[in-house]
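Order of writing sets the chain letters: A, B and C. Residues in each chain are counted from 1.
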Amino acid sequence: MKKEKSPLLRNGAVQSLLASLLCILIGLLLGYIALLLINPAGAGEAILTIVKNFMTYSRTTAQLKYLGSTLVKTAPLLMCSLSILFAYKVGLFNIGAAGQYVVGAGACLYCALGLHLPWYLCLMAAVLAGALLGAVSGVLKACCNVNEVISCIMLNWISLYSVNTLLTKVKEETSPYTYTLSSTSPEAILPSLGLGGLFSKNQYVTIAVPLSVIAAVLVWVLLEKTKLGYELKATGCNKFAAKYCGMREKKNLILTMAIAGALAGMGAAMLFLTGFEQWQCTQSAVPAMGFNGIAAAFLGGLSPIGSIFSSYFIQHITNGGAYVDKTMYSAQISDFISALIIYLCGFVLFFKVALNRWLNRRDEKKGGGGK
Amino acid sequence: MILLLQYMLIFASVLLLVALGGCFSEHSGVINIGLEGIMVMGALGGALMMKFLPDSTSAFVMIVLVVLAAVLLGMLYSLLLAVAAVNFKADQTLVGTAMNLLGTAAATVFVKAMNTAENVDNVSSTIQYINAKKAFIVNLGGFEFNWFMLLALLALIGSYVSLYKTRFGLRLMACGEHPQAADSVGINVYKMRYAGVLISGMLGGLGGIVYITAGVSEWKFENGVAGFGFLALAVMIFGQWKPTRIALAALLFGFCRALGNVYTGFDFLKSLELPAAVYNMLPYIISLVVLAFTSQKSRAPKAEGIPYDKGQR
Amino acid sequence: MEENYAIEMLNITKRFPGIVANDNITLQLKKGEIHALLGENGAGKSTLMSVLFGLYQPEEGSIRKNGQPVSIRDPNDANALGIGMVHQHFKLVECFTVLDNIIMGVEPCKHGFLQKAEAREKVLALSEKYGLRVDPDALVEDITVGMQQRTEILKMLYRENEILIFDEPTAVLTPQEIDELMQIMRNLSAEGKSILFISHKLGEIMAVANRCSVLRKGKYIGTVSIAETSQEELSRMMVGRDVSFAVEKAPARPGEVVLDVKGMTVASKRHNNNAVKGVSFQVRRGEIVCIAGIDGNGQTELVYGLTGLEPLKAGTLTLNGQDITHAPIRKRAVSGMSHIPEDRHKHGLVLDYTLEDNMVLQRYFEHHFVTPAGFLKRRAIREYAVGLIEQYDVRSGQGPVTPARSMSGGNQQKAIIAREIDKDPELLIAVQPTRGLDVGAIEYIHKQIVAQRDAGKGVLLVSLELDEVMNVSDRILVMYEGEIVGEFDPKKVTVEELGLYMAGAKREGAAS
């Protein structure tokens, strides 16, 4: 039995990477076909525009500036995807990242605009709010056996309506949007530490970007290197075995959801405390950021390091969608493509199984021929 | 008061239809989180039919064709779930979530493209159906009776009968409870799961068109269906996967929603000065609380969410 | 010419990736006979039956019915040919009624609507004719295991099957229920049904079968007539060598009390009654105490109560003089209790973890394996796991980094035993430690258990296999409906006597 014949393809990480690239390719291809159907004339150009994103600008300064804008939105997406993959590793599907993100936004904006607190306290508030909401799902799961997907869905909507109501108190009179940070409470804006300067004075690029990458690394260390990670993953893989060997599986469940919630909540603060966006108090749908986090988590092969890249990619094409020719296509074509990619991620498991089966068969044939 | 009743019944009809759809899917063993997306697609199908049928179409033909369009598109869309969950053993929660995002995105892209093609300056994602919509409504005094209410009632009866009185229902539920047992007596689990998902697509799509014609005469597809698919999921669980209980749950949740729309008409409620959001939240809070108390002995189909693999037994 | 065979499987070969599950196997079932299929776990019995049932397609070989070649592509084909099977794990939908389960797949219908009244009559008539007592309207989840089995048999009779397969049907029954089942099987064969009886219990085969075919490691060994063979010959055919089922051990020398249980009561998850009702007993150093009983009489809950998986409703537990009644699981484990769990996949292993990570499941938190800051010492874990793997001869594809899921059942169990014994416990609780293993592994595990006893540890063994109970233990406690109804010396009691206690027909004195 020679297993080292195809070590590269057998490697789990390589398989994940291949699967993700395949998802992206098929997703883009289907997106391209959709564009062709809508208007064949500009389809090729449009798909290129989406993939190029900020590169459509010819001047380097403009490119840098809009790369910055992409990064600003990548940070929260990365946090949401970390939230989802962390919970997933512990056997929980945190579809509630969306809701945790919403309460995070509510908490940090209210602390900033209503209470005029400095940025670090606002950030803390968002983290706490997210953790709290996550813990609610965790408690419901641990103590009342409520499926976390269901409780998270309910909490998503409860959060949305609550936050809308809360933030109506700090909203501009003439619009459905909250006050801008810069005019009302500049002390709540995340410090830039000169990062903005690197991106052609893009004031929205703040410490949020490096912070999110650090968070990804920390999540990786926590999961792979520590006793806590060992316990949490054991609980996720087999909660009965975890209980059998004396781990406190209920505590672990709640802790996991709280950490996942904290990550998502922090993600919201990383966007809204830059002043890049205002909250719209009449929103009738839960923001897609949390759901896109699912895409990023799965596209990143459920690895924290992988999701740094996948989050960037998804944000990259989403921003790219804004540049397509509006007289022919709509910006939602990017949402369409990223939704397709999430859907395709469902097939990754099958892809890996099929690939392994194929490799086995090939090895067997080779082995047979050699004898 | 009549307005409250009217809203309650129409919202309850939507929830009932979609929740029954979810019920079929789950009884076959497939969790359908993607109901929201299916509703959007059904709504799109119906809305397009209303837009393109001439105003002179008779009410009956209009109803039949619109329903047909919604049902067909809903079923077609639900195939995405069936293929992934049954043949490819994908994570059903993941696929369902993707379908919700995809539904809204695809509908928006499509409607915008269509609007832009008609008029270059029109980049909205709205479809209007002011006149066509009249076909569904019969005025009984002050009460606007909607044919869809009758349809929902029929769906309820049909679901009850087919689940509990027919061969199909027995086999479907066996697949959701113990697919190995079903397989061992020669029932094709894959086929039954396809059937379950397709029925959920049918009823979900129908629910979609009912939702966007309830109260308004145009729909902006960027908004999706504002969480009604998820609410229907709550209705289904609240109803413990049983059609009759689902109907009661739908009425209760419909009442809450209706209250959110018309509470300003009641002096008593108005004097409470609660924001509308409270009424919108109410169904979710109720179901969460009920879930907390009832989940220890939930009657959810035992094998739901677990891909069935013929090789594994 | 050839004899009148109801079904023949000729030269069947079925391969799975990396393994030949059936290698050129021939099995011929005469009309009206009871034919035993004997083989160890993993010998290929289940695969062969799955082929007959149309669940797998063989690579080579053919199947004939009444001399005519047939092709069986799925269970429907098998059913059409009159082949029915009682699976080892019943294929019943728990929330359906007995009647619904029986008719499922062949429902009498008018325009798609169920005609249950008709079906009901037929079921009642069948149950009358063969003496199969069932309540057609009861939900399967509410009825006894025995009635569930009768439901499965009725399922076959309702389909008018001629060839009935029983896959390990006695594992869940009391000795008396087993006798009843044997009688039912004789009745069925007298009515002209042909029966294939899959088992690894020689006594039962000798008692009921006419002929017996033996498989070993996927290969066909031979077919013998029961009248012309002996248990010894059968076991030699099954295992491939002489086996002594007796476990060699010196007489026990019980020392001080290790575990003292007083008035232990544990609530049941399945019904409102208590699963364990005021049980008291002791385990001493240097003895193996065995809890015998039919599955579902509170043994599982008893162990859960002892190990802390379930809280006690009443009573006290003392381990080595230390009160552990309310101690958490971890506390019990570190104070000298080891637990080889009943279900190695559910409790014993994290299947998605590697072997080495599973090896430290009970000690990963010790300072030897984790730094004060909470980081795992990977190198120490590796060294420790490699040591255990060598010492206990745990075999696996990639050594310490093998995913536990990909290991064989025997080696998974060895890994658990290595982990639990290496903790150097005062008390070893072993629950069905040999379930589903082949003879070699069983011998090995019994040796380890006796060695622990001889090293002065207390051992509590919970077993459903009477052979194991009789051979390994020094003292037997019989559990029936949550109570201990008798205490015996294995040298002075017969299996029949134990059976009466296990079935609740007899009990010692009045329970205090």
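Here, contacts are C-beta pairs under 8 Å (C-beta built on N, C-alpha and C of every residue); 3 or more make two chains touch, one makes a residue touch a chain.
Note that this is a predicted model, so its numbers are computed, not measured.
The two chains most heavily joined by C-beta contacts are A-B.
Set against the C-alpha centre of subunit A, every other chain centre is closer than that of C.
One inter-chain figure worth recording: subunit B and subunit C are separated by 46 Å, centre to centre, where each centre is the mean of the chain's CA atoms. Spacing of subunit A relative to subunit C, judged by their CA centroids, is 46 angstrom.
Between the CA-based centres of subunit A and subunit B the separation comes to 28 Å, rounded to the whole angstrom. On the side of subunit C, the complex with subunit B involves touching residues 50, 53, 55, 74-76, 79, 85, 87, 91-96, 100-101, 104-107, 109, 112-114, 155. Contacts from subunit B toward subunit A in the complex involve residues 31, 33, 80, 84, 88-91, 93-95, 97-102, 104-106, 108-109, 112-113, 116-117, 120, 123, 125, 222-224, 226-227, 230-231, 233-234, 237, 275, 277-278, 280-281, 284-285, 287-288, 291-293, 295-296, 298. Per the touch definition, subunit B reaches subunit C in the complex via residues 165-168, 170-171, 173-174, 177-178, 180-187, 299, 302, 310, 313.
For subunit A in complex with subunit C, the touching residues are 225-228, 230, 233-234, 237-238, 240-248, 357, 360-361, 364.
Put simply, subunit A touches subunit B in their complex at residues 34, 38-39, 93, 95, 140, 144-147, 149-151, 153-158, 161-162, 164-165, 168, 284-286, 288, 291-292, 294-295, 298, 326-330, 332-333, 335-336, 338-340, 342-343, 345-347, 349-350.
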